[in-house]
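Both complexes below contain subunit A, partnered by subunit B and then by subunit C.
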Partner chain A sequence: MDLKAPHSMGTTIIGVTYNGGVVLGADSRTSTGMYIANRASDKITQLTDNVYICRSGSAANSQIVSDHVRYFLHQHTIQLGQPATVKVAANLVRLISYNNKNMLETGLIVGGWDKYEGGKIYAIPLGGTIIKQPFAIGGSGSGYLYGFFDQAWKEKMTKDEAEQLVVKAVSLAMARDGASGGVVRTVIINSDGVIGNFYPGDGLPLWHEELESHNSLLDILNASGPEPMNI
Partner chain B sequence: MSSIGTGYDLSVTTFSPDGRVFQIEYAAKAVDNSGTVIGIKCRDGIVMGVEKLIASKMMLPGSNRRIHSVHRHSGMAVAGLAADGRQIVARAKSEATNYESVYGEAIPVKELAERVASYVHLCTLYWWLRPFGCGVILGGYDRDGPQLYMIEPSGISYRYFGAAIGKGKQAAKTEIEKLKLSEMTCREGVIEVAKIIYKVHDEAKDKAFELEMSWVCDESKRLHQKVPDELLEEAKSAARTALEEMDAD
Partner chain C sequence: MATTMVKEVGSEPAQLLGPESASERTLYPYVTGTSVVALKYKDGILMAADMGASYGSTLRYKSVERMKSIGKHSLLGASGEISDFQEILHYLDELILYDNMWDDGNSLGPKEVHSYLTRVMYNRRNKFNPLWNSLVLGGVKNGQKYLGMVSMIGVNFEDNHVATGFGNHLARPILRDEWHENLSFEDGVKLLEKCMRVLLYRDRSAVNKLQIAKITEEGVTISQPYALKTFWGFSAFQNPTVGAEGSW
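Here is the complex of A and B:
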């Protein structure tokens, strides 16, 4: 077990727009090689009152980028005299990601609400491109979600539909991706403000071939489980 | 001339005993000697107009541009020393493109005005620089609607409904105040600005002049551009007619 390996967030991160705002979602696993350094991390970080960022890839890199952007956005807000727009926040992230592409390894999703454009999601993957999308997925777990979103995504969802979609998607990815797991955190941003939600791992639905979690070995012994193996 | 500096006016870094910086006031005089420049904010945009006093009959009409586009959505009309004005416009253009390359969106007009004002003010802080001898009217249309700012040689910048600088500024301001700007469209505004400039032009003191106008409004798709030729001609003839009617009394 290499405990000196850099902390990486295998991760599943998602950002989705709905009719009136955005919903951001993420898993909570931070791994150091095979060891889970933090099983309850918060990968959705605040940049301003109305803009949040989902972090994936290197934990250190993504944190430092977020810190820098938060600093610049704060100054920008003071100069402008009003809250920064999601577009500006995303562009500052892009500037840092692109100009330091040789040194950074982090995929980010910026989401928020402002009074000019409403709810918006911007994806900033590894090279530092910036792309505005109605929904975005990222991290190692996202590979298992492309087909799912192709089928399940629709425009103009309500807030609850959007959040349910995000939670379902993150939990599906967690079931298949070893580097994603733990709990599901969501952040909903709209004109009324920001609401953060928490969905514990054992509350999530069980997918194909997933086993129920148990608190004690005795429960397994008492339950009538599958037949013992016949050799 | 109002007052003599008597020794306190040799440097921009010297205050007079009554708290004035004479060099800045002298710079403002350079602006007052120039042709009138007007800007108004209408319901759907900004209109700016300049009374370009023609120095020589040999000059080609349309040369000596006094109104410059700073960015897609904003422009500046300059009064005073033309060369100083060129510097300010260059700086404004540079600020606008720099902002866009960092923040990924067009610079808000308020931010642009503040940056230009800072730059003009900068040149009033050091003895090895002289203040800019020009005043600027900045008009732009961003996501907060049309906005008009005026920046003076001292570095002061305020937001206006209507602004005037140059020779005929007092008379022009009186005329502008008579207008109902919040109900006017830019099409109507162009005619009004032309009328005002023709009216405040002093036939006795100055010889010929050329009218230069620009606008940024819904009709121009929120882009800063010269007023279209036919509208400009319409405005000029309306202004001449109005002048004749006045003279006829």
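Here is the complex of A and C:
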């Protein structure tokens, strides 16, 4: 085991806008080399009451960027006298990512709701580019989802449709990306507030070549009785 | 005064061999299988391996059989490069064929197959062109149980329980604690499943589709593929960052 390898969130992160807000989603695997250091991480981090950020890449880098942005946004909210907008939050993230591009290795998706623009998603990949998008995908698992989203994404989804899409997508990526796995966490942000959901690994749909799970082989053998097995 | 070019200590062996030889060495694996775990029990050997073959970090193939029976008395499980495993199976096919052609009533047992594999792996290692595998060889012949392991550099040994790759770090401690002589079939299966479940939680290249094989005096049986239930219901998993001042 390469214990000196940096903690990296291989990851699958997703942010999707819908008619009224945004849904953010992520897997929960943090790895040190090939070892899973944390199988239940929370990669969707709060920046303000109404803005959250999905983190991917280096765990240390993404945490420190989030912490700095939370600090600045807190002061900004006090000075402004009202909740920060998603655009301001995203641009603060961009400033830190861009001005430290030589030292940072983290891809981020900022999502939230404010009263001026409603639900918005901003992608901030490596290098500090900022891109406003109706939906964004990131992390190593996202490579498996470009075709899926090209086909499955549509405008003006409902809250439930958007969340189903996110859970399905993260689950598909987890099936093929060794660096993604564990549980699916989602965060839904709209004018009513914030709701976080949790979808454990064994409750997710089964995809190609995946099987129904059992407690033990003994249950299968006892249930079906003596049966010819492969030699 | 003669000037001599001195090669620094620790230079790549390829430079010494010459440019045309460099391309003939196996440098790194492409399609790989992860851990194999095995233990001796009352009637013979139990071995478990998942059916995954990864291509780097992609879980590319999910129905690969990484355990195969060899002759009448042995079972071979492999982790590492799958193409090299397939090559080894080809060599063993030939070995068993020639053994059968003697038609002398004797057949190669697990100890002999293990010895053959050790020689093959070690000799390839000496030529800087290893078969990139860790092999587990188990079997029963004339009532004698045998369980051994060979690595890609030719390190080989026998023991009451063995594992490859991550299994060495995660499964063997469990086996050292909980293995004992004369395990029943049920207890052996449950112990192996305990190990495989930990590997599922903590090994990035593990895939939730596995087979368990048993070898006894009667012969080899490999189970149908199946998946294990995993547990995610700890309250700490629901909201891990609640009350924390940062992101973790």
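Some points to look at:
Keep this in mind: the second predicted complex is superposed on the first by the 218 of 231 C-alpha atoms of A that agree within 3 Å, B and C clash if a C-alpha of one lies under 4 Å from a C-alpha of the other, contacts with A are read in each partner's own complex, and residues count from 1 in each chain.
Here is the rule we go by: contacts are C-beta pairs under 8 Å (C-beta built on N, C-alpha and C of every residue); 3 or more make two chains touch, one makes a residue touch a chain.
Source: prediction; values computed, not measured.
For subunit A, the partner with contacts to more residues, out of subunit B and subunit C, is C.
Shared-chain residue A:91: touches subunit B; no touch with subunit C. Judged by the touch definition given at the top, the superposed model places A:168 against neither subunit B nor subunit C. Applying the stated contact rule after C-alpha superposition, one finds that A:80 touches subunit B and leaves subunit C untouched. Contacts of A:120 after superposition: neither subunit B nor subunit C is touched. Every residue of subunit A that touches subunit C in the complex is listed here, in rising order: 1, 10, 28-29, 31, 34-36, 39-42, 45, 55, 59, 62-63, 66-67, 140, 175-179, 181-183, 196, 198, 200-202, 208-218, 220-221, 229-231. Only residues 54, 57-60, 62-63, 69, 166, 169, 186, 189-190, 193, 201-205, 208-209, 212, 219-234, 236-241, 246-248 of subunit C touch subunit A when the two sit together in their complex. Every residue of subunit A that touches subunit B in the complex is listed here, in rising order: 76, 79-81, 85, 87-88, 90-92, 94-95, 116, 130.
Those residues of subunit B that touch subunit A in the complex are listed here as 102-105, 108, 110-111, 114, 143.
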